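Below: one structure, written as structure tokens.
The first chain written gets the first letter, and so on, giving A, B, C and D; residue counts start at 1 in each chain.
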């Protein structure tokens, strides 16, 4: 005989249903746990629980010298590894007031943009998969492979390159680099049409994303949502335009701003950005000047005591590095202002009142990378 | 800014206008900085904590999206065990997560914070790892 | 005795009389049932395994991959290896799950799809039962599967499963309408619900060509709604893996999971065979009026192959849907049914009735 | 009347957008030449990694089993993860002086993050990247490697 328990009678309409999305879930792109309160299919609120891959990078940086920090930044937002490296390199160069050679600036700008395209391609395929279109995943990866091959040929690794060093580059680019990049751009300009055909124009995708997860401009600023997600809301937050570094003040490119701030606009921002990045690369790739690949740096890099802040535009938004130096060869304190961390904080706000399927789409459009959140 | 907080102290910095203010005046100043049409610091782009041994510093990097100027506010907390700063997450929502991070890793409490829990480490964690006096024989290997 | 691969009627009669002469009526029927049961079981397993393989190959080619190619030539035995693996896997018992319903659910799903196969004519005379309400029977039986899905979702004691099952319930209840109505369009044209009669009626032209636009429209509507009814992408909300991990079968493992898996593919096979039978002439060869030589060549291809070919063509289209489109949201799914498919279907039936009444069809 | 037409134009646009998508997948289905899969274990013979590929750190030895490492330990200090241990040895030169040479060069592949600082910082270019990438082993201890080959010696012309 089972014991009969008299449960208190509750109003079923008001009762909430909590599900744990993650830490192991196909659409959290890593180990993020979202505790979602549901009412039927509708999301009432959600609480992100992060820290599952917190590695203490900031603490580790306090023990490492500046060149050694570079390889740790690779492992934050591993999809825009070069751009993360760039932030630390720029910071050290700024603190020491070193001028890097023109050639280095050209190469860094090109590689940053390539990295941005590769990152957006991976975003596109995982977004497609979040929406249920599994074929997108393979098309995105297929094209990203071409960039990774270029990277592998020049820098030896595909994902975590540690290619930039303070003052310059680890080594010169491979002789085939320019040819490879031009071939890739020719290839990708054709293939990006597939992306539009299969997902952008698709009625199901448009119906599912338009008007969903709207983030207003004020909220975007208040939540610090940057990158393509912030620009979709009309927040002009492109660090490349506002605080130009490397060659971004010399090349001609547009900062595309959206107005709607919904999932579809966030999607379109990244699609535009891929094309814009290709334009930037095309302007630079033929004009790489000859010269050194590194400025003269001391063997042991010591930053003068003080505070330094450097912002760069990573693929997912503004990456800031804040270094407090006490004049030693290791930094006193390093803080990474990672774009995904701020972007994630807006997730609760914009996903209230949408359905679970929309929550997945919104998460995909914010494009969070969990190691970058946790650091 | 001086008229608002007379005991503010300006610090030499090549990059930003830096201002050290007492913790009690932070919230009022923050409201003013964000609300004033000429200042309009509406974008808190970084919020970090630094353990300076004698005191713990909370650093607010602010930017105005309209006027494109930047400034840094610093608050010094001298009480290492029960130090508290007013939260600014009612002004800049992004501060909610950043303040949780600082609470987690440096152990500064933020009064009036809606959901002040540890963000990365588990609730049972002892100590605040980013403090300079944090010791962990197992996980931190000195070389 | 004149057996041919083109007409199984005489073979069936011969077997029947042979058994009755030797065993008496009761045992004859018993033996026949066993033979048919075993034949269908074997067919079921073979088709299920082949479909899994076909799906993986089709999706691989659409995604610029090669698909399974390790086990056997072109990976042909991959699904058999998978099946053996699934059989050997541990059946995980879920704490706090309703054990009885939990174990019952996969059987309901698989039995429902099993029963539907019985009424499908594979070739002339090659079907287990030839009801005079065959279409109605198949529709009724194939929708039994949702009971299994609901039970699976409910008894798993898992929130994802429950959401998946509820979605599946809402989905099948509404799409059943469209499936029925689009078949009804053709029944008006055929004037019968008996599968064999429907096929015979297409001897001088498939219904999809005979019925002008309404028949073609009904075919498209049937494709869409039957894709939804079998829970396949882009309508795979019940198991939407990016939202609900695996939906209603999240907690199932081993052979019970394999049952769900097989049933999904068999359901696809069943709706494809209905589409092939009702719209594309079943086992009738493809004839073009006036081309006597061409028609003669087409007659040489055995009807069974015609039937299989048409069925797999429909299955291929359904796979093409799945591997191209993103998934719908639950409210859009219902909007699509109630605002688009259903009204179009109703108008379509009227149109078809009008055409039949005026005798405008071929 | 307008909503009435909108209903049909909506359906038309929806169907065309779906067909555009199906055209893409359909095209790839019928063009097997575009398949990008690499048959990895089968193509092992023809698979050549790029020259700069960072497979593992190796110490370059010439035909006489000689390397260029002086055992100075700069790589060890530059390594961020402690994956290099240089164990120094002392030897006597013919003129009676004590000289530091390399005893054992221990490389923990399991801890290496392939940042390349050791190779960049080496003053005598003793280290290089190897193109080997099949590092999977069943025992973690096998990932600890001794980079100088047994019986090897330093090339004579290397001076500190």
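Points to keep in mind about this one:
FYI, a residue touches a chain if its C-beta (ideal position, glycine included) is under 8 Å from a C-beta of that chain, and two chains touch if they have at least 3 such contacts.
If you're wondering where the values come from, they're calculated on a predicted model, not measured in any experiment.
The set of chains in contact with chain A as well as chain B is empty.
Chains touching both chain B and chain C: A. In this assembly, B is the chain whose CA centroid lies farthest from the centroid of chain C. Centres computed as Cα averages put chain A at a distance of 24 Å from chain D. For this pair, chain A with chain C, the centres built from the Cα atoms lie 45 Å apart. In whole angstrom, the spacing between the mean C-alpha positions of chain C and chain D is 51. Chain centres here are Cα means. That of chain B falls 41 Å from that of chain D. Shared contact sites, meaning residues of chain D that touch two or more other chains, fall at 18, 21, 24-25, 36.
Across the assembly, chain C contributes 62-65, 323-325 as residues in contact with two or more other chains.
Residue numbers of chain B whose C-beta contacts span two or more other chains: 143. Contact topology of the protein chains: irregular, matching none of line, ring, star or complete.
Contact between chains, per the stated criterion, is found for A-B, A-C, A-D, C-D. Looking at the complex, you find that chain A touches chain C at residues 17, 19, 25-27, 41, 128-139, 142, 198-199, 202, 204-205, 207-208, 355-360.
Looking at the complex, you find that chain B touches chain A at residues 13-16, 18, 42-46, 48-51, 59, 61, 65, 68, 92-94, 96-98, 101, 105, 118-122, 129-130, 140, 143.
By the touch criterion stated above, chain A contacts chain D in their complex at residues 64, 67-68, 70-72, 75, 135, 142, 145, 152-157, 160, 162, 165, 170-171, 174, 194, 197-199, 201-204, 206. Chain D meets chain A in the complex at residues 13-14, 17-18, 20-21, 23-25, 36, 50, 52-54, 78, 80, 113-117, 120, 129.
Of all residues in chain C, those touching chain D in their complex are 58, 61-66, 69, 320-321, 323-325, 340.
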